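Structures follow.
Look for chain A in each of the two complexes below; its partner is chain B in the first and chain C in the second.
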Partner chain A sequence: MNTKWVGKRVKRIDGPEKVTGELKYMTDYHFDNMVWGKVLRSEYPHAKINSIDIEAAKNLPGVICVLTHKDIPGFNGFGIVVPDQPVLCSDVVRCTGDAVALVAAETLEIAEQALSLIKVDFEPLEVVADAEYALTDSAPKLHPDGNLHSHVKINNGNIEKAFEEADIIVENTFYSPRQMHAFIETEGGWGVMDDEGFLTIRCPGQYAYRDRMQIARSLAYNPERIRVISSPIGGAFGGKDEITVQIYLALLALHTKGRPVKIHLSREESVIAGIKRHPFKVQMKTAAKKDGTLLANQVKAIGDTGAYASLGGAVIALAIEHSCGPYKIPNVDLEGFCVYTNNGIAGAFRGFGVNQVCMGIETHMDMIAEKLGMDPIELRKKNVYHQGEVSSVGHIVKSSVGTYKTLETAENCDLWKNREKYKSEVSEPWKKRGVSVATSFHGIGMGIGLPDYGAASIELLPDGTFLVGVGCEEIGGGNSTAYAQIAAEMLNCDISNIKIVQGDTQKTLDGGTVTASRSTYTGGRAVAAAAPRMTELLIQTAAEMLNLDSSQIDLKPNHISAHGEIIPYKSIYKYLYDHHQATRVEGHFYLPKEKEEIKGSGGAPHHLYGYLTHVVMVEVDTLTGETEVLRVVSIPDAGRVINPQGLEGQTEGGAVMGIGYTLYEDVLIENGYHKTRNFTDYIIPTIRETPLIETFPVEEPEQSGPFGAKGIGEVVMIPIIAAIMSAIYDATGARICHLPATPERVFNALKDLKKQKVQSSR
Partner chain B sequence: MLVSEIDMITPSSLPECLMQLSKEGRIHRLIAGGTDAAVRMKEGKWRPEIWINIKNLHELRYIEESEDCIYIGPLTTHTDIIHSPLLQRKADVLVDAAREVGATQMQNMGTIGGNIGTASPAGDTLPALYVLGARLELTSLSTKRIIPIEEFILGPGRTVLKENEMITKILIKPQKPNEIGIFQKLGPRKAQSISIVNVAISLTLDQDLKCREGKIAFGSVAPTIIRARKCESMLPLGTLNDELIRNIAKIAWKEVMPITDGRATATYRRDMASALLERGLYRLIRRWNNH
Partner chain C sequence: MKSIQFIVNGKECTVLCPPAKPLLDVLREDLGLTASKECCGKGECGSCSVLIKNEVVCSCLILAGQAENQVITTCEGVGLSPNLDVIQESFIAEGATQCGYCTPGIIVSAKAFLDGIDHVPSVGEIKTALGGNLCRCTGYTKIIKAVQTAASQKISEPETIR
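For the complex of A and B:
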């Protein structure tokens, strides 16, 4: 298809103001009459609250209000699926992130002082520090129904028979870290209530409409009288999908007599109170025939969701759905458990459970290839499912599938073809290099059982430009530019004539979340649904103005022409305005879904998946165990690419986040207390850990998507994890199944390897 | 003490600063680059009544050489050190170490006097100063004394500096043409990291790669920086070939007594003392052969 904007390297429409720092984020706002809010967090990971005494705090000069659970007008709880997390705890605290009281004061310092004056009589209870222990009878129950939040299962074929008939079986246990989103802008925002009781909450989030409903539920307040502005955001990655501070802001705003109240978490508070990626223990057993055909996969995954559910149940379900990779394995026995502990709170995070299982299946693919003496790409090509085939979870995949093509591209890329040469070019004699490949996939959209829709509006403005409104927030991924490209393409106008507004319940329609790799696809489709209505409006109006038939009207770039006459859009606006006619159109879209849910799977299968293959080269310092990723080749199948530059932003950012997950990052919690509290101890990659990253998109157009596009925001960080693990093995012979692969873990594995060699040579 | 209640005074000369330091009956602290002080203030650990801000005492920011001694002012930043041709020529190990401190922003703000005064067992410039035989001039309004850096640091964050004293000069011995040094650091990542183990090495070499004498100092493996005397005594045993290097490195783990913390276990730190010494000696010999 010949396009002017779609598929082109269009520079980001929000780029200049972000790069220059001109853009104001919510937490940048200051007002002369503003007051500061602070949250009192629990002292203990698990304790009974006997009493809360706020008198001294209330009497501190400069304190405006001190609130506890008694001051919540509505429901004291929040949570996207199950509202099991108290807004302010009344009887029990279940993690050190739990909120017990709120303060508003004239200055931040007075608010902090006031917190220290609140006396909470805690009675410490036994801490549940381990997910497997949580499932035993001896562990204290953290919630009325016990510590198992959810349990999902997928079974196909006959697993016992398959293992009996298998020529080769590999079996391992994998441990993955509690990754932190590490967004630059910590959770925060401000709230204000005007004289007439209209409440405005400006707080970065990933779904303004849902945040509004959660606020309304806790305040027992008419949601129509609440405006939530949730965009732009200084990073989220899933970490602002759940409520962060919106309800606290709303509660405080009820008591500050019209003065705006601001909360902005310190990094330390963000680490303790914010959600994290679920740490998993994954036991996996995979069987194959001599010719490399995969026969069976058995998976048991336990995810630690911490004190509250948030999206934990959905994370485990997605993990299980993806636990066999993009392959067709006829016999599977897959089981996942989402478990409550006192280890902070885990929730949504880019990848959403797939990271933790991909490292298992992809490591097993490499082990099988090695044992069979097969090329690892050949083995994968042999087992991938193609469009129209049955996946491992047992459904026919009707949407586009690019895995095979990504593997072919991997096979032919310079790094893979010349890997032996590159591996021999070590920088110092005690260093070793390895090159490996891994592939994965990721569902797009919500899966079965959850409504999934997109909506967009297009408004003709007085100056003849267009305002495109999409609910989905701009969380930094560049969806605003994609929307502008699609709108400009379909309205046949210059992209500078498109303005985008996002994430504002007053200005945009409810179009679902910015999660699940869905916002380009869903929001893009919604814009594409609204655009023809706008062109129709333009043509009809021009026809009316000129007294012509609409077939005589031509839509030209940036204007309308008829009978040699040029009608600029601002004239059309003026005509509509003068005649009291609507200047705004809407487009709605419902995401295609599978018809039947796989029983017990908690939402599988998805209708659409994005696919991606990574090739990486690492260099391991065998003296210290340090691993450096030197090169990354990222080969995504995102369907038709709307903006290659935007796609590269995703593949590069995803690769670096995957490197962090594999080599550096882990929020350590000991007995319920955080040990890594800020960026001094929580190590994320810097520019010096960032390798050369190449992106070679494989465009397998998806018929249902806008211009053939799919989603890619999550899978960009997934296969690289397994690829780095295997590259370390390729370099040194040491298999690391416990991430992150810190220098110490790699060094110890090398030490063990040496010992084994000494023993076996005896 | 609330941050908003803390005062700050900015003396305009060294005598004025010493005068301020001599005032009794109040709690004061020096602040220069603030790369440690601001962090500790935020953590609530350092909340003096008065900050004495010496950042602009330019008379304490210099690098000079005279009569076989290099003088470094305590307000010299890590970036100053990295860019000093004199130190590049005659104190290469210190330049190496300054390059490994935090990242560029911290190198721009942080001072060598601050790095010494903070006395962290993981302080990156300290092992380099140990192998360069650094001495410190400590001055109060009425006294002046010069002591070796080994005697200055008592333990983590603890020094012999009195309430009314400040570091006014750092004296180091310039390296001879046949001396070469190197600094090696193992952190959790390449930039912006606190050392898990670090080591500074300075050797006097003959043409045939025989070491006449050498100094080795480790950081992050004991309560203070420590010299590896046993390793040092083995350096002159023969030509510094791979085998001798490996043998010397193997001794290193015996000379250190690290602890386990969030960054690494004690066992790994011990192993890394050997590994960094081995890697450092290899790299040092390669550097020697290349110039």
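For the complex of A and C:
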């Protein structure tokens, strides 16, 4: 397809305001009459609240209001699926992030002092610190229905028979860390109520309309009288999908007499109160035939969702749906448990459960290949499903599947082909290098049972430019630029004539979340649905103006031409305005869905998946156990690429986030208390840890997507985890199944290996 | 409260504030310069990076009183649209900004680094110079490229043409 904007390295439209710092994030606003809000968090991970005394705090000069659960006009709870998290706790606290009271004061210092004056009589209760213990009868129940939040199960074929007939079986247990999103902008924003009771909340989020619903529910307030602005965002990665401080801002704004109120969490408060990635324990048993054909996979995954549900149930369901990799395994027994504990709160995070299971199946693929003496890429190519084939969870995959092509590309990339040479070039004699490959996939959109749609508007402005409105926020990934490219392409105009507005319940239509790798796909399709309506409006109007038939009108770049006459778009706007006609069109798109849900799966299968293969090279210091990732090759199948630069931004950022997950990152919680507090003890990769990253997209166009595009935002960080684990093995012979693979863990594994070798040689 | 003078982005300013107020808060709240961000408040992330006499500092760790009479440059002082610095142009061209929240701090660090050298830096040199700035979106690859691009442009056009 010959295109002018789509598929090109178009510079980000929000670049200039970001590199100068002129862009105002919601946490950047400051007003002379602004008041500061603060949240009183629980002292204990699990305790009964006997009483809350706010008198002293209220009487502190400079305090404007102190609010408790008694001041919540509506429903005291929030949560995307099950609203089981109290806005302000009334009788019991279940984690140290739990909010008990709110304060608004003239200064931040006064607000902090007021918090210290609130007397809460807590009666500590037994702490549930472990997900497996939580499922036993002796553990205290954290919620009325017990500690099992959700349970999913997928069965296909005959697992027992398959294990009996198998030539080879591998079985392992994998542990994964509690990763923190570590967005650079902590949770925050501001809210204000005007004289007429109209409430505006400006707070970065991943779905303004749902945030508005949750605010309205707690305030018992007409949502039509609440405006939520949720874009731009200083990073989210799923961590701002759930309510963060929006309801606190709204409650305080009811009491600040029209003055704006601001909350901006410190990093320490963000670490304690913000959601995290679910730590998993995954037991996996995989069987294959001598020729490498996969026969069976048995998985039991337990995810620690912490004190509240948020999206925990959906995370476990997605993990189980993806727990066999992009392969066709005929016999499966897959089971997932989402469990409440007092360990903070876990929820949505880039990858959404797939990271934790991919490390299992991909490690097993490597072990099977090694035992059979097969090339690991050959083994994968033999077992992947193709479009039209049946997946491991038992559905026919109708959408585009690029796994095979990504594996072929991996096979032919320089790093893989010359891996023996690169491995021999160690930087020090005591360091060892390994090269490995892994592949994975990730569902795009919500799966079965949830509404999933995109919506966009295009408005002709007085100066003849276009305002494109999409609900999906600019989370950082560059969807605004992708939308502008699609609009410019279809409206046949220069990209500078496109302005984008996102994430504003007053200015954009409800187009769903910026999650689930869906925003380029759904938002882009919605823009692509609106654009022909705009061109039709332009042509029809020009025809009316010139008294011609619309077939005589030509849509030229940035203008209309007819009979040699040029009509600029601003003349069309003026004509429409003078004739009291609409200048705005809409486009809507429903994500294609599978018709039949897999029984017990909690929403599987997805109709659409993105695929990706990683090849990595690591160097392990055998004296210290330190692992360095030196090279990464990322081979995505994102369908047609809308913007190669934006795609690389995802593959590079995802790779480095995956390195952090595999080697460094874990929020440590002991008996319900966070031991990790800030970036001093939570280590994310710096520029020094950045390897050489190459991206080779294979474009397997997806018919349903805009210009053939699919989503990519999550799978970019998934296979690299397993690839690094296998590369450590390739380098040293030590398998690390407990992440992060810290120097201590690698060092101890090397020590054990030595011991085993000594023993076996005796 | 104390009346404190600074020269910020070439302009003399006087601020009435407690001398123990962090410079970052003075910039953001009193002077309305919000390019510099607070992310960790502990000098770990570099989001609040500014220049004091051409040296990169974390403005969350500097108190207003310590910065009295100092010459301070924030990202806004490096360049504002449409008159961007070559470093800012390169960050856009190479796609080195995503969510953008860390970007001003990185631009400031890159500015100090490139002003102090007259060659196109190696990847290793860039990694040392920007080692104190955290970014969670980009994976840093395009930032490295942008700094190199800016350096080669500076060398080919030594005089800043505005």
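Annotations for the structure displayed:
Definition applied: the second predicted complex is superposed on the first by the 762 of 762 C-alpha atoms of A that agree within 3 Å, B and C clash if a C-alpha of one lies under 4 Å from a C-alpha of the other, contacts with A are read in each partner's own complex, and residues count from 1 in each chain.
In this section, a contact is a pair of C-beta atoms (placed from the backbone, for glycine too) under 8 Å apart; a residue touches a chain by one contact, two chains touch by 3 or more.
A quick note: this is a predicted structure, and the numbers were derived from the prediction, not measured.
Shared-chain residue A:349: touches no atom of chain B or chain C. Of the two partner chains placed around the shared chain by superposition, neither chain B nor chain C is touched by A:78. In the superposed pair of complexes, A:44 makes contact with neither chain B nor chain C. Look at A:308: by the touch rule set out above, it reaches neither chain B nor chain C. Which of chain B and chain C touches more residues of chain A: that partner is C.
After overlaying the two complexes on the shared chain, residue contacts for A:680 are found with chain B and with chain C alike. In the superposed pair of complexes, A:688 makes contact with chain B and with chain C alike. Of the two partner chains placed by the overlay, only chain B lies in contact with A:742; chain C stays clear of it. In the overlay built on the shared chain, the residue A:185 is in contact with chain C alone; chain B does not reach it.
For the contact definition in use here, the residues of chain A common to its chain B contact set and its chain C contact set are 679-680, 685-688.
For chain A in complex with chain B, the residues that touch the partner chain are 107, 109, 113, 428-430, 621, 623-624, 626, 664, 668, 675-676, 679-681, 683, 685-689, 742-744, 747-748, 751.
Interface residues of chain B facing chain A in the complex, by the touch rule stated above, are 2-4, 103, 186, 188-194, 196, 262-265, 268, 271-272, 275-276, 278-279, 282-283. Looking at the complex, you find that chain A touches chain C at residues 9, 11-12, 14-25, 27-28, 30, 181-186, 232-237, 264, 266-267, 475-478, 645-646, 648-649, 651-657, 678-680, 684-688, 690, 693. Those residues of chain C that touch chain A in the complex are listed here as 28-29, 32-42, 44-45, 47, 74-76, 78-82, 84, 88, 91-93, 95, 97-104, 107, 126-128, 130-144.
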